[in-house]
Amino acid sequence: MAFARNKLLIAAVAVVALLLPLLLQRHYVDVMVFAGLYGIAGLGVALLLGQCGIVSLGQAFFYGIGAYSSAYLCVTLGLSPIFGIVVGAALSALIAFIIGWPILRLTGFFLALATLAIGMIGGILFYEWDWLTGGTLGIGGIPTLSLFGFELNTPQRYYYFVWAIFLVAIWLSHNLVTGRAGLAMRAMRDAPPAAEALAVDMHALKTKIFVLCAVLGSLAGSLFAHYATYVSVQSFTVERSIIFLLIPVIAGAASVWGTIIGALFVALAPELLSGLGDAHQVLFGLALVLVVTLLPEGIVGLPKLVMKRFGA
Amino acid sequence: MSPAPVTAKSARLVLDVQGVAHRFGGLRVLEDVNIAAPESQIVGLIGPNGSGKTTLFNIITGFIRPRSGTVSVNGRDVAQDSIQQRSRDGLLRTFQTPKVFDHMTVLENVMMGMHAHTSSGVLATMFAMPSARRELASTRASALQTCERFGIAHLAATRAGELPAGLRRVVELARAHQAKPKLLLLDEPSSGLSGPEIDTLRGWIRVFASEGTTVLLVSHDMGLMDVCDVVNVLYFGRVIATGPMAAIRDDQKVRDAYLGAA
Amino acid sequence: MSWGLFWQAMLSGITNSFVYALIGIGLAVIFKGTKVINAMQGEFAVVGGIVTVFALQAYGVPYFPAALIGIAAGALLGLIVDILFVRPMMRRKAGEESFLLLTIGLAFTISAGLLYFVGRDSYLLPGIGGSGVVEMFDAFIPVHSYWLVGISVVVVILLRLFYTYSLTGLAMAATSIDPIGAATNGINVTLMRTYTFALGGAVGALAGILVAPLVSVNYHMGIALTLKGFAAAILGGLANPIGAVVGGLVIGISEALAVIGISSGYKDIAAMTVMIIVMIVMPNGILGRAGRRGG
């Protein structure tokens, strides 16, 4: 009964999602594209936070690596976009491994602040290495993507493309967290000594998820570069990392499907609040603080909390 | 001049601790400790607080590396191996306060017991390769059987963190049973359990031994020690007596050192 | 590079190191009292600095009272943060990562709030002892730097005395070491935690007021200050104010060397890299930790 109702709900959401670009103004389709892009990057952070209990504040670094790889290889070297995407992902994976192997021995606050420091170092390097990144001027003229000869040159087309990738990524993550590796990840988050006693190689597992998170960030960055056709340092600051972190926090980190809600929130909330000018950022920050203080399981946990307090 | 261990029997030794010594700073906590556990036997380790039990336990499980001596599991010295290496070799421990995975269901907890016996990697799991799906399905089926055997099948979908202490211990034992260890180390398994629960515990310990698992039982609960084939008494870092519980009870040294004190 | 420029960079690095030490001490105060790493410690400094600037320049309050108002603002902010956010989370026994998310979120909010209220400008305070300079090793050091170092040292000593001799200080220390034991001895644990946050806020604000005459303060600098202060604090082992001073010196001098050796753009990279390496290689800080964990 409940299952059938769920199915109906999912079908309804799917129909709305498919029709959305036809119904919305161009500007809002654009916002939805960003929701998808941020969602892909945020999904990586969600895997670290929700499954491993690791707070990553450096995702914008890998987002930047993906974006600059695409921009540099396409614009400066004139290569096909696929090279930029693949090189970005491979480079991010390599860097994540080199950084992750040592720092993932740290835990809690220390690890989180180490990722924050890495995010800041990344931001500074993007700025200083202007021969590569164009610095504050950035790199323009990045070509749009085309899929089997089909140009993804309008927000509507890109909407379908990005959300398809986002949903596939969620599906893969869903498989991961419900499978053997996911059980081991949650086990080591809940009781590290017991997980270790059961032969879980915690350090290797954390490193793998850290690399996976970086690859998702890089992919999102590449897709961003080909959509915006222009990248500059402003897009890869620590604030952006915090926004990526917000996605799982808002939605409730334990659920990979929840990242959809988180992604919609971080993309739409500033739009809805933008009438308030600069004050919208304050409200955005307050939203984060209030969710952390009042909703330990995020928006996804809200119905349960309400039930507990008022219902049955 | 160490007490003669029960190695005279022809049974293969699953655990063989030889001449282990350890100190913290200037404080000697263990000195020339020898303990042997033949295959499928239940071996006890008792001693008053501060006798070095916990240190010895941590040395065997790998949380501490001993200053000297060897710890052999199945004839191989593992004294310098990591905890994971030991667990891959079939050594498994439980904890004084049962460490279950609070946010995972009882079934998932028991499934974790299979971790060392399964092999699906991150990518195979992500892309739902047939091999990974098959492995997961068989892990689940097997874990469900274990849950039934331990009488917790009706709780399979409950989060382990919501269970009372006694049931958490059962979940931990079921998980250990699922792991099919060669050597099971139980650290004060009766702590926090009621009388009837301890009787059930005794039964499970026998089941482990009857199915080929060697058990090392560390406890100060004399009542529980009845289940052991051999008991070692640790006192101020030395093994002062080794033998069946009945003999240990009559040993004058043990009476002076331990029973008298209790 | 001439010796004059070398010393100029080194001495300004050493001056900065005391600012990092003060931020680090504020972090350590809060960590000691609550076991929370406060990722908005740098915002206390920014708020303290900007409030002092406005008191002084917009409302014409004299220098010394204006600084006191700035410090009070930091303390008040700490108080509010504790009462509104930390208390409810402590009550539900939230995990480490929740407190980190909370303080990161607060840092983000306060930074955005400052942007809204005071804009993107940088605010400069006049130096204590005027804007004069003193020559030393062919380099020119602002008089204010001497005050900064002197005041920092006094604060370190006062904090040490406070925790060793005053009843409140002892109660605050006891609360962090053994909350349940402290509670059974009649210490109001919740109140002590509030005091701890207020004290951390005050020390943070002082750091901001002292740094404002040298590099000016803006809405955006909090997070970098937090990280460098954290670097100083963990270098010092996170519990020890003198350690934080030593840690601050390591960070300040690393920055100076990066400025001398590469370029000023790499200053922060040097500080962050040193921090990461120290966390991995020397988890107990450069001074080590006195006692082992028992058990």
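General observations
By written order: A, B and C. Residues from 1 in each chain.
Quick note on the criterion: a residue touches a chain if its C-beta (ideal position, glycine included) is under 8 Å from a C-beta of that chain, and two chains touch if they have at least 3 such contacts.
Computed from a predicted model, the values in this text were never measured in an experiment.
Taken as a contact graph, the chains are arranged in an open line, each linked only to its neighbours along the path.
Of all chains, the one whose mean C-alpha position sits at the greatest distance from that of chain C is B. Averaging Cα coordinates per chain places chain B and chain C 48 Å apart.
As a whole-number value, the distance joining the C-alpha centres of chain A and chain C reads 32 Å. Rounded to a whole number, the gap between the C-alpha centres of chain A and chain B is 42 angstrom. Residues 49, 53, 55, 57, 102-103, 105-106, 108-110, 112-114, 116-118, 120-121, 124-125, 127-128, 238-239, 242, 245, 249, 277-279, 281-282, 284-286, 288-289, 292-294, 296 of chain A are the ones that touch chain C when the two sit in their complex. On chain B, the positions that touch chain A within their shared complex are 61, 83-84, 87-88, 92-93, 95, 99-104, 108, 111-113, 115-116, 118, 120-122, 125-128, 132, 135-136, 139, 161, 172, 175, 179. On the side of chain A, the complex with chain B involves touching residues 172-173, 175-176, 178-184, 186-187, 189-191, 193-201, 205, 208-209, 212, 254.
Put simply, chain C touches chain A in their complex at residues 37, 39, 84-85, 88-89, 92, 94-98, 100-102, 104-106, 108-113, 115-116, 223-224, 227, 230, 234, 263, 265-266, 268-269, 272-273, 275-276, 279-280, 283.
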